[in-house]
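Presented below is the structure to which this report refers.
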Amino acid sequence: MARSDAGKLSLILLMTPFLMWIVLLIILPQIGIGYLSFQEKVGPRQYVFGVGNYVEFLSEPIYWNTLLRTAWMSILVTILALMIGFPVAYYIAKIARKRSRAALFLLCLIPLWVSDLVRAFGWIVLLRETGVISGALQSVGLIGGPVELLYNDITVVIGLVYTVVLFMIVPLVSTLEGMDNSLLEAGYNLGGTRFTVFRMIVVPYAMPGIVAGCIIVFMLTAGSYLTPILLGGKNSMWFTEQIYTQFITRYNWESGSTFGVLLLLFTSAVVWLGLRLTGQNLASTVAKE
Amino acid sequence: MNVAAPQSRFLRATYSGYLVLFFIYLAAPLVAAGVFAFNDSTFSALPWKGFTLDWFFGTTDPKVGMFHDRRLLRGMGNSLYIGVIVAALSVVVGTCNAFLFERKEFPFKSVLYILMVLPLVIPGVILGISILVFASMVANGVENGTGIDLGFLRPGLFLVIIGQFSFLTTITSLVIAARLRKFDVALEEAALNLGATRVRVLATITLPYLAPALFSAFIVGFLISFENFNTTLMLVGSDAPLTITMYDRMVKVGSTPVLNAVSFFLMVGSGLLALISVLAQRQRADD
Amino acid sequence: ETLRLLTWGSYAPEEVVRLFEEKYPDIDVEVTYSNNEEMIAKLRATRGAGFDLAQPSHDRIFAVQEEYGIYKPLDLSKIDTASMQESLLEGVKANTTIDGEVYAVPHQWGTSGLMADITKAPDLNSWDDLCDPQYAGQTSMRLRRTILLGMAFAAGKDPFAAYNDLDEYQKLMDEVTETLIACKANLKAYWNGGDDLSNLMLSGEAVASETWDSTAYKLYAENPNIVFIPPETGALAWIDTFAIPAKGEADDAAYKWINFVLQPEIVTMMSASTGAIASVKGAIDLLPEDKKAAVQAAFDEDDLNNLKFFANIPAGIEEIEGKALDRIKAASE
Amino acid sequence: MFDLQGDSLTKRFGSFTAVRDVSFEVPSGSFFSILGPSGCGKTTLMRMIAGFEEPTSGDIRIKGTSVVGTPPNKRNVKMVFQHLALFPMMNIGENIAYGLKCRGENKVDIRRKVGEVLDRIGLPGVEEKQVSQLSGGQKQRIAIARCMVLEPDVLLLDEPLGALDLKLREHMKIELKQLQHQFDTTFLYITHDQSEALVMSDNVAVMKSGRFEQIGPPEQLYHAPQTAFVAGFVGDSNRFEGRLSARAGDEARVTLDAGGEMVARLGQEGLSDGAAVSVFVRPEAISAHATRGAAAADMVAVEGTVDSLLFNGANSRLLVKLDDGTQIESSHTTGAGAGARFAPGDRVTLTWAVADGLCFAAEGGA
Amino acid sequence: MFDLQGDSLTKRFGSFTAVRDVSFEVPSGSFFSILGPSGCGKTTLMRMIAGFEEPTSGDIRIKGTSVVGTPPNKRNVKMVFQHLALFPMMNIGENIAYGLKCRGENKVDIRRKVGEVLDRIGLPGVEEKQVSQLSGGQKQRIAIARCMVLEPDVLLLDEPLGALDLKLREHMKIELKQLQHQFDTTFLYITHDQSEALVMSDNVAVMKSGRFEQIGPPEQLYHAPQTAFVAGFVGDSNRFEGRLSARAGDEARVTLDAGGEMVARLGQEGLSDGAAVSVFVRPEAISAHATRGAAAADMVAVEGTVDSLLFNGANSRLLVKLDDGTQIESSHTTGAGAGARFAPGDRVTLTWAVADGLCFAAEGGA
């Protein structure tokens, strides 16, 4: 029948760009680095297939320590972003009046539209020994001489939370906005205290938003590059930096790919675990705008 | 009474205090970065040496303003060029995807849907290297096999565009699909019923309805492309976009307040764009 | 026609580019700032495409060219080699000749050494003085191969001599790694580029540091107390060269650029920007006045004779060095 | 002449049959309703007529011509959607002009026709308003005008009152009927609300699980239903379940499941003794008396206790619990001159004429 | 003893007064409704009782004790929300147990009580189901059970049937009333649907613009309204506007705005001659006759043409257009033994007893 032919044709027309995008730009490249990660270099322009790069990774504590460090700092950043972002999201979604709500939301978004680099640069200007904060503290007389606030892990965490907290707030706001005030009223009406209502109604209701926010924040943190590099101190190592080093400084694409694959596997595992523990699924959480 | 709000005066004050602190936290580095664009010093640091616009309009060394700095201008040009192309491409493909997933039924739909959102959770650096590696493998294969050099598969504008496109498309698809989901198919049926052809329905009903989403997807795509660093870093060739130019300047040459000036300029620019896109969304909330 | 330069931060000052473009109105110069590693990485990724002229250091060409073939041989007849200082030219040629083809000619040279604010750190004269507890929290270095080599020299070894024996080199590096990890607590920060370093020194946050001589000269102009100090074991010297990428598309323009920047008046401008010394005859005299003073304050004849030029890096060496650097970076204080 | 005919229409979705062998004829200029519970296939049937679904088998004829295979934009049947589907990106004038533009009429004609149709629906001069500026009832009329301006052979309406609130709905019922008179066009109206169907229609088809159970004018459906489903679905009814124990002429004797016996008129032919049957009695056919005296010959009488009085003005009901536990609703007049009044707990006798009880094969059976 | 009392309650939002000087008393165990059009302040009043709004002035007493200032979670009044507000992230059992948990009861007790209350609402064993698995009517009952398990002094219900569809609504009306009997708890019920209020309540308060217009049992409101608003809002009515021209005893002579005169009973005292008045006549009080003969002395008779017949079973209406253009609805019995039948276009005389017409000061006036 003519109509179903037209349907099929339009399906094919819509499917083609999608498949080209997904296959050529996402799947094949991932397979590509997967393949490359199993190439061991045995001499100039000579490679054999093997797991040497992975062995190398495992046998070198620096590498997996860096991965673990990246992971736990990312988790820390995620938790902090959640704790810092939740009250803000709650305020925007549930307390602010309609008009100020839009304004606050916009205010939250503005840093999002400025590149990572500018943000990190801003922190540097603020925190360096000759920076604004140090200067301000001195002029107030709180400290005698200049203090270095840059180049340590706390700075990195502050900077990272700063970069990602918006990605926590956005899904939280959109979930919490969907929560009818009458649920809260019912919670109180049935005898709940502020705390019970929060624990038994608000948090479970916001769970999809929490999970979505956490996933995005975790991935962004683990995959960030500029902030830990520019704000990090003498000891700070970030796994993406390792990947960059392998690719650019060492021009060792094989082990760079290995690191890439490992980072991907590792973050996916964390995300998967998070989804499992909270009983959510990827499509429904992340895709909810 | 809003039951969601804290009732005691003390809690309310604490809450407001917290929010104020939070927004100060959000604004501080941007304000700092912006303010030093006007400092009459070659360092973006205290002390304050007076107000100047040289870092925007200055023409003489050492204070060459951003509008006379050829490399920064070229970087900005590249960023604009890349941003417009990437945003346009990803809006087009995103629209197709939105129709595909909202309107069509086909086997393995849910699996493919997960594939569609997947790029969101792949770190940008990995997208960058994987596209770099894959493009090089193809280019090397072709070159070794036929001797033809597919130059566009080497780091450069094309790969940067492809790399940014690869994850931006997910975002535009989601934005457009969300709008399309709210679209009542009955509107299309009504138009058909009133005698319109399918093409006419698309042109007069569906696309006008989607227009605000297409517009804000474009803006969002453009801004994200403009500020992207992680993916671009791995794919950039000789035509570096602005973020890369700035980064190179910062770590390889040394930062002068001209970088603050660029930052300030970018903040104002993207702030305006964001505002426009929010206004467009506001309008769409009205209808 | 476009000339796409892949070069170091200050090697293409606006003024020089403008003059060049005035002289050759049909050539448009496009500059990408980079460093040794990135130049190689970029050219490797493109198999030598995307750029028309690169400026890697002399020790970074041989092995890379053997492995990846990213440069094309130079046509020396198109270069004004006569104006170059003989020893440097020959040295670079010796370092970069493969199968009888020459791949690079020298452009500027400079050294890595130490820098100190002599009012605050008057006695600094060896690499390992950076780890001296009396400067605790006030020194800095760049966590790259230079400091590894410097520390090796400071420990009385000759790392270049160990290049041919990987095991021995590994041992040497292990030793150096220990030292540098122990030293870590003494440092204020690792610097990444000239800018960081300038900020650190000018603000007084650091009083002594490993440095490029060029940066030190620049700072000398701002604050004459900050001087370049060649370490007693000798400053490490590098020569930045000109090399043409294998798929460069504007060779003529590239040769024009090379010859253009070797002209005396351009050399002066260039040196003013880079702080490095051109590899042309009488280069020191062509330095701008303030730089000349800085060089004279830093070097005497002995220091110049004691320069240690970086040797070609054989395969495997960078691997070892890279791991050492990673280990240092990751170690906690 | 029939404006619209359906011939053994069947529509299957996979293995599920949404519409099953439905035939009907809609005379020109009449108001035809399809009444049925949610999910019975009404919308599917209408979508086949509009051309949004292809029938699996059967034929649809508009003005005598088969339209199977004709795309929706080529059929001269127009449709008012449940949520109206007014185009939010156009103003009222553009909405109404849309179909005319698609036809390629010239601007002057379009302006004139839009103006005319707005006059006819009593909303002159609203061309420039936005959809969101109109009230629910006004939108309703615009949706109809948008179709009527194209002078369709048949206007389809899919529960157009569903989204309105109660008061407005009552009002629009009457207005719709008047609009149909005015335009003198065939209306095919879908609803699950029996009072809408009864009030407005010339003919009503009662639909159940994809089939038509009965087609007829409202009075016929109400007073002479042909199946248990129709009797139960159209209007309020008390229902008694039982088994047919004997027949005499058109009278049936039914042994009730709850105990006792009841005589009722046979509403359906072909029932055999012992068949499971339902007896339906409308509340307004029942009258309540304080318990006293015996019933007349052709009356049914049952006894029970008043459970509660549901006051609702002219529609008040007496809820009586029979001794066997069955609950019966009877009409109940209240107020000043209303005669006998009852209080919860009073014993009452309920009586109705034998002919007011209708006996059908129980649903699910036969 | 009153479970709930309101004393001159007033609530202002800024300069807008949502509830104005409202006083009422709800006796223990009774079903009390507040009936009023949208926006009249019903919800605001209920939220004050539940503790979600503080009254601007006035007092609320529950079981005699003032609760002004008591936070909502400390008041023993429970509330069924318009959209029920069942917690979507909990299953049915958890929903019902929520309040008990908040009270800190032990697990065994909670299990038992949840089971018991589910039995009482006729849904035993649904503890493990998710909210979304239940039908609208079942959710309704769960929402009530969730409150009732806490044995509140008063149960507040804010238009709980608003979201249900028509058939279910009819059914739930009766069920709600029965649940109230069963739990024997005081219900305070809000609605804008007069039939709900009439059917279920022991007492109804009619509210308008923040004020109570009249409080009384349903019959009283229906048969003896005290204001024009109540007469028009409660039950269907035909309304005639005019001016009072003369009074005699409790009879009023009204000059109609549309022309002609009408005699009606005075529903209200203190009307002076010349005042703008409205006369209300219920459709069921009107009977239609083929035009013939003169009317009796205490009857009003008007003449007109049948416009249309709206068949709706026992609720059928005759729509008559008087010669002056006024449209009148009269009840109309149809069917087999229904006597005179009319067709559109027939001339008819409509008559009603003078006492069935009620005359009030026009709304907006006095």
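Lettered A, B, C, D and E in written order, each chain numbered from 1.
By definition in this document, contacts are C-beta pairs under 8 Å (C-beta built on N, C-alpha and C of every residue); 3 or more make two chains touch, one makes a residue touch a chain.
Note that the structure is a prediction, hence the values are computed from the model and not measured.
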| request: Any chance you could name the chains that touch chain B and chain E both? | output: A, D
| query | Which chain maximises the distance between its CA centroid and that of chain D? | reply | C
| chain B to chain C: how many Å between their CA centres? | 37
| request: Just give me the whole-number Å value for how far the CA centre of chain A lies from that of chain D. | output: 57
| task | Can you check how far apart chain C and chain D are, centre to centre, with Cα atoms defining each centre and the answer in Å? | result | 91
| remark: By the touch definition above, chain C meets two or more other chains at residues 199, 203
| field | Per-residue overlap in chain A, given as positions that touch at least 2 other chains | value | 128, 130, 185, 188, 247
| field | chain E: positions in contact with at least two other chains | value | 52, 71-72
| query | Of all residues in chain D, which touch chain B in the complex? | reply | 50-52, 71-74, 77-79, 81-83, 85, 87-89, 98-99, 102-103, 132, 146-147, 150
| field | Of all residues in chain A, those that touch chain B in their complex | value | 10-11, 13-15, 17-18, 21-22, 25-30, 32-33, 35-36, 84, 87-88, 90-91, 94-95, 102, 106-119, 121-123, 125-126, 128, 130-132, 135, 162, 181, 184-185, 188, 194, 215-216, 219-220, 222-226, 240, 243-244, 247, 253, 256-257, 260, 263-264, 267-268, 271, 282-283, 286-287, 289
| remark: The answer for chain B against chain D in the complex is residues 184, 186-187, 189-197, 200, 204-205, 208-209, 286-287
| said: Under the definition above, what is the set of chain B residues touching chain C in their complex? | reply: 43, 45, 61, 64, 70-71, 74, 132, 136, 139-140, 143, 149, 151, 154-156, 237-240, 248-255
| field | List of chain E residues in touch with chain D within their complex | value | 165-166, 173-174, 177, 193, 195, 198-199, 218-219, 222-223, 234-236, 282-284, 308, 310-315, 319, 331, 334-336, 355
